[in-house]
Amino acid sequence: MEHTVINVDQRMQQCIDECLDCYQVCFSEAMSHCLPTGGKHVEARHLGLMLNCAELCRTAAEFMMSNSALHATVCGACAEVCEACARSCEQVGGMDTCVQQCRRCARSCREMAGSGASAHGFSGSQAQNSDAPMKAPM
Amino acid sequence: MEHTVINVDQRMQQCIDECLDCYQVCFSEAMSHCLPTGGKHVEARHLGLMLNCAELCRTAAEFMMSNSALHATVCGACAEVCEACARSCEQVGGMDTCVQQCRRCARSCREMAGSGASAHGFSGSQAQNSDAPMKAPM
Amino acid sequence: MEHTVINVDQRMQQCIDECLDCYQVCFSEAMSHCLPTGGKHVEARHLGLMLNCAELCRTAAEFMMSNSALHATVCGACAEVCEACARSCEQVGGMDTCVQQCRRCARSCREMAGSGASAHGFSGSQAQNSDAPMKAPM
Amino acid sequence: MEHTVINVDQRMQQCIDECLDCYQVCFSEAMSHCLPTGGKHVEARHLGLMLNCAELCRTAAEFMMSNSALHATVCGACAEVCEACARSCEQVGGMDTCVQQCRRCARSCREMAGSGASAHGFSGSQAQNSDAPMKAPM
């Protein structure tokens, strides 16, 4: 990543894509995988978290699509909720697609939170040195 | 406020109500007041902020309606965005209903952010004794 | 009702209120009643319908808050979904609040669908002669 | 198209993709193209229609992601609103991406409305003989 220059607009578009993918994966898995499977998959805390996560991801995407100066605030909250959703999906088991998408979205949102508000403890260089490869936009 | 005992469930229900009212006021004013009025009212930053604020208020309400343990995180972000929306409405002028509802929602969301996550630096008693605008938690 | 003249704007505001109430009741009952109760309450068809109904009610409200000429189309679809949700809640049992709110919303949306698009088979007079009292706006 | 067999699940997934693309294009163009451009682009009827269209597309996608038996009803309404949005974008001018995506989404939603509810006047064969090529899923 050191030699790759990614400008803010490209990174924001990537984050929009990750958020909208995460909205779709979380909502779709909640409805077409968790509900029919039952058991742990429909425990209130897990299913509620998946639906809440979907909605916050979509809201974060709307802030970025609106070029809002406040996107960092919402992306920071979104990163936290996506991490919690990934952990819940790991505990339930058999939800690898959702775990992975939530982690990708959390990473991308943390970058946005950092670039937009360095007071949150993220620096641009830390974000760019993220230890995992960045996903190409969909 | 000192002699009034409000339990957490009542305060959360109040915050849900404030958030859903703020969603309705912001969306409705954006569409039926700002768009027909034009001028400053349809500047991208102002109209975008009103629509983004509406959506985040609704999302915060959904976290609380889902009894999510993560509601404090989203309410903290919501309080910050509502404050920014109130200021933008003040600058545009002639939007008192929206200014007042955004301020009420911001205050209620700050209380939720504080009561749900004392690590953020708010205690329940501070939140309950709030008689002046508190600083956004995030 | 015979002697009461309700103009279109009042009736539209009532329908907005019914739709937003129905959004809140359906979403809230799905998350805080159905999910914790389990059994029939979390069957995919029932819980999915409640969440879908919530979202369509909110969308119909947004068309009306935007003074859209297409509100009748969306209200027509919303009435059909609300009726289906009311029936599903009756079959599951113990969900009277949701049954009643879905029925009120369906009735109000049918009126809007009729007044906006008589080709749908609803006439204004039929709508006004609805057999149940109209609810005051919240 | 005559010799191509596309099963319902593939066609529904295509419609979900078209609806979510249309949500993103309409919302994003409204916020980052129409609002900054001003003039005709921010007339209440046009901008309101774009935002309403975005929201109904997303709601239709949620019905399909939930495998709802009522998706045909919502897709029928969505097709009508997408057509109106395409026409509004044509009249405003300079919005070809939005015109094209709304038309693709309208066509896909009409197919879904027809396959799910033949009483709406669409037959499966008419839908499959649509005069334009189908877009591959994203």
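First chain written, first letter: the chains are A, B, C and D, and each begins at residue 1.
Convention: contacts are C-beta pairs under 8 Å (C-beta built on N, C-alpha and C of every residue); 3 or more make two chains touch, one makes a residue touch a chain.
These numbers were taken from a predicted model, which means no experiment stands behind them.
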Same or different contact residues where subunit D meets its copy subunit A, judged by the half mark: same
Reference subunit D; chain at largest CA-centroid distance: B
CA centroid of subunit A to CA centroid of subunit D, Å: 26
Centroid distance [mean C-alpha coordinates] between subunit C and subunit B, Å: 27
Subunit B and subunit D, separation of their C-alpha mean positions in angstrom: 33
Junction residues of subunit C, two or more chains touched: 31-32, 44, 48, 51, 62, 66-67
In the complex, subunit C residues that touch subunit A: 31-32, 35-36, 38, 42-44, 47-48, 51
Footprint of subunit C on subunit D - complex, ascending: 44-45, 48-49, 51-52, 55-56, 59, 62-63, 66-70, 73-74, 76-77, 80-81, 84
Contacting residues of subunit C [partner subunit B, same complex]: 20, 24, 27-28, 31-32, 58, 62, 65-67
